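Heads up, there are several structures right after this.
Shared chain: subunit A. Partners: subunit B in the first complex, subunit C in the second.
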Partner chain A sequence: MTQVTATSHGADKTGGAQDSVTLRVRDLRKSFGGNEVLRGIDLDVRTGEFLTLLGPSGSGKTTLLRIIAGFESHTSGEMLLRGRDIAGLSPSERGLGMVFQQYALFPHMTVADNVAYGLRMRGWDRGKIGKRVSEMLEIVGLPHLSGRKPRQLSGGQQQRVAFARALAYAPQLLLMDEPLGALDRSLRLQLEEEIKRVHRQMGTTVIYVTHDQEEALVLSDRIAIMEEGRFAGLDTPTALYQRPPSTFVAKFFANANLIPATASADGSIECRGSAFSTQTDLRGPVSLAVRPRSLRLEPVTNGLRLSGAVVETLLLGDDRQVKFDVPGVGPMVALVDARQQSELEPGAAVTLHAPAEEITVLEA
Partner chain B sequence: MAAPLVLAILFLVIYPLFKLVYDSLTQGDGPGNYVEAFKSSAIRKAILMTLAQSAAVTVLSVTLGSSLAWTLRRATRRSVTAVLWAAVLLPFWMGLVVKNYAFALLLAREGAVNHFLQKLGLIDQPVQLLYTAFAVVLGMTYTMIPYAVLAAYPTMTMVDVELLNAAQGMGASKRKTFSTVLMPLIRPGIVASTAIVFAISIGFYVTPVLLGGAQTPFIATVISDDIFTFFNYPRAAASSVILLVIAISVLGLAMKAVGLKAIRGGLG
Partner chain C sequence: MTTRTDRILDGLFTWVGRLIVGIGALFMAVPALFIAMLSFSNDQHIAFPPKTWGVNRYVDLFTSDTWAAPIGLSLRLAAVTAVVALLLVLPAIIGLKRSNLRGGGFIEGASVAPMLFPVAAYAVGLYAVFAEVGLLASFQGIVISHVIHAVPMVVIILSTAMDQIRPELELAAMTMGASRGRAWLGVTLRLLTPAVAGAAIFAFVSSFDEAVFITFLGGPGLVTLPKLIFDSVQFGVDPAITAVATVLMIVTSALLFFATRLRKDVR
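For the complex of A and B:
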């Protein structure tokens, strides 16, 4: 496998503190008419990291990416690429790499010419271009297809070419806009692995847009979760999943159940007849985020107890997904060991328990 | 079901064409009609004039028409596209004679254009605008732009705009993006547009007569004179066939360049 480093053809490294941040975004805003699409985005993308913008459609993630690429204008705010202000620059002057959802390969050019495009625009000589193109096609596993036209390739192959094309000139920052969105599931899993491998191999800094939570979990060093033009959370996947910072993140990203409760002065929580102690600083009405996996059938010493009626159960291999209805709270989901089969017929009464340390207390 | 259509095409298209070619070769001096046509300085001048002016009209119409087609492709505001489409299609609904008289009025010695130029102080005396090659090219271009737009538009709608972003994202300037990505992709539409505009232009009759007068004889004018003034029907038939051969050659070359599909797409 050919080894290519991102910095070998990138711009100068300026050294010092700047070195660790590739892109700095400050208070970025964008309005369409009277509609605020981005409401003050602050973001430091660290050099070499894989950062994902995750959010439902309409949350502004694609708009943010396209503003960084220079394809759309912003209303106000700062964007610095390695300390250099890029806000006023055209896309061609920014020198970033971009992978589009619909591939955007040039249909009139061969695979090799597509990959060579950025290098030609940079005035590389023919010999160097040819060498780099075969290196890149080797990396994405398509060296035998260099003479084909894009329409002769499958969707997965086209996206690999697009990936090779965007990385060929070793951009300081690679932007990817839902690149796997148009592919089927098995191909997606395969390409996820490949993207991860190439990212490790080339060390490129990546901003990746997706609405698929699993994709974000698998690929990212950090995830920024977007909600209505703002970051609802920005952290490592583990932190976001286990300690969601807001009810939106808890529900959208961690698939948690949200249960209203009351926190009293000593940090103890009262919820539907059960009480338990926590470390929370919040007082008064709160929301408890409880992931399906944290709910179990065995009682716990310090934790939440929920009683309800089973609505339906679904066998998912080792786990059994139990949907149950808690009167006054609504539908909940639990994941229990599939071997614990008893008393979970639809309509049956069930009591589930969650230990305090697996419950996140959030502002209501 | 297709039989009536085939009959109609046979009688109304194939037969007259065949009869035209047959007459041009058998009536009068037979094949000598062509020799006579090429020997006539009036016809030679008309052929050259027709080709030169049609070429000028084609360059102007295709340049302006494809820019307009691309603008239509990129415009997102509905009000803008509505106004542009109206501007493209309105000349279609105006009669040819009406359009030409409008230009005749504008370009006359006492017309609006001369008046305006004098007001600006650019000229002292009214200049000769009407009955010049300039007037003919202007009037014909105005008539042909809608054809150019409609022929170029279909290929333009097929261009994925994201490709232009992709090119610029990879460091291509606007000019480079145009020459390396946009132009190769819209080329079939441009060729179709060129072929259609040129083929229609060389058959023009009314505009050269009304706006060019005696200065700009087109082949169609000469053919008409041969039939109605000199009663030389055989030579008119030969000239008609010459005109036909030029038109077919142009379309044939275009088809060879970009394929029948692009031309047909352009014709709707």
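For the complex of A and C:
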């Protein structure tokens, strides 16, 4: 995590310089018929960074990726790869790498031939190709399978080959479209680690599409959260998680509870009988984003107090998830220490507290 | 509770079922075996059981002029039909499957429609049309009719095969630097090859076997092998047809077996 923050801070300082931006997207728009699926995307993908497009299905993340890849045209806007306008170029001229959800390995070619494909298209000589292919298969841990056909491999192995194939010719930018979507959970975790390791090792710039929030958290240097064809937030995972910029991000990404409240002139917040002071500049009706972990049973000196009735509790190992209902607000979720002895029976009255510094005040 | 009657009925049904399947199989296989057996007789006339055995009929078949010309015509027709059907269908199917063309499903459905009409009815219709445009009794006319006959099968085979080739394969090839044409040839068409070969064989066999269109549209000049067999049965039986039939059966089933094998390889 520290390394991730350090990298992105480093990039921040040089952010204005052209050479540190691999892909620059300006006011990109896309309409299908009368339906606008991308509504003005602005994005600078920094060289070497792992950027994730995260959003629910239909938010436009795959469309954005396909437009960057050149599979689809855009309606208006600009796309510069290392300063070069790629909008009019065919996919083959863009020189990108792509990993698909369904692997898309060539079934009639061996693993080695698949990995060699991009190199052959670039006219490398045989000896160089052979060396590079075994190097890539080494990196993804499959050197012993180079002679196999894709159908003889498991899903995880196929995706590793696809990864090696897309990286073999060292593309300036690697696009990954839900590459782990077809794999089961334990394999996903394993491949996440592997993708992270290879990314670190090779330093490739990556744009990664997923709808899985945990995947995005684990992998990304920065995350762009998409909502209805726009970025609802674009920042480091830590920042987005701890200080969500909008109620959508708070709900979708940080799993936060949203509580209506009122901000008065001095920045103090009134909410259901409890009042506390904050630094917010917002006035009038606001939404408080409170993550389940921030709610606790012990009182706090400056913070929110919520009383309600327990609906159900679930033991999640070290934590106990408490679902409770606050009259007039609705169902809420808290995560409390499971070692605490507590009477959290369904129906019991409960009062939970959140310290002001862990509450994000958002426009209602 | 199982009574004695139940058990007897169960047994009875099992045996009746087996009997029906057996009779069915027999009905399909026996004529073929019968013909094959009769072809190895040296008798003057077709008679069962053969009195003398030998290969005279095969010698006849491969030496007499009666059979050489029709076999040649049939082979030429079948080859041209297969090529024309593929040249028509292959680009059409790829176009349909790789574009978002509206009404694509309708076009595909319409191309399979000839399969639904009775061949004889279709032949009468073609007769009227061909009479207008002067295609009756011409090689081109017969090719057209055979292509119409073969197209539905070729469409079905190629369309099923295309459905199994994911469009992402082409896209993947393109991101890796292949031009659209190269991605198409090296990936999609390459993966489609077994289906193309299979479709060609089916089209070939359907034309080689075809007896109805040629009867209606061929006139006296064009005599294909199936036509000659019909004629020879009608106007006095030439015993060599038993040999013809046997050769036809063997070649056709070999080709179809080969085509089925090719289609399996796609998966």
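Some points to look at:
Quick note on the criterion: the second predicted complex is superposed on the first by the 347 of 364 C-alpha atoms of A that agree within 3 Å, B and C clash if a C-alpha of one lies under 4 Å from a C-alpha of the other, contacts with A are read in each partner's own complex, and residues count from 1 in each chain.
Criterion: a contact is a pair of C-beta atoms (placed from the backbone, for glycine too) under 8 Å apart; a residue touches a chain by one contact, two chains touch by 3 or more.
Given the structure is predicted, the values throughout are model-derived calculations rather than measurements.
On the superposed subunit A, the positions of subunit B and subunit C overlap enough to count as a clash.
By the touch criterion stated above, A:F100 is placed in contact with subunit B and with subunit C alike. After overlaying the two complexes on the shared chain, residue contacts for A:M121 are found with subunit B and with subunit C alike. Contact with both subunit B and subunit C is seen for A:R165 once the two complexes are overlaid on the shared chain.
Shared-chain residue A:H108: touches subunit B and subunit C both. In the superposition on chain A, subunit A positions 69-71, 90-92, 94-98, 100, 102, 104, 106-108, 117-118, 121-122, 165-166, 169 are in contact with subunit B in one complex as well as with subunit C in the other.
Contact residues on subunit B toward subunit A in their complex (touch as defined above): 160, 162-163, 165-173, 176, 180-181, 184-185. Considering their complex, residues 69-71, 90-92, 94-98, 100, 102, 104-108, 117-118, 121-122, 165-166, 169 of subunit A touch subunit B.
Residues 166, 168-169, 171-180, 182-183, 187, 190-191 of subunit C touch subunit A in their complex. For subunit A in complex with subunit C, the touching residues are 69-71, 90-92, 94-98, 100, 102, 104, 106-108, 117-118, 121-122, 165-166, 169, 175.
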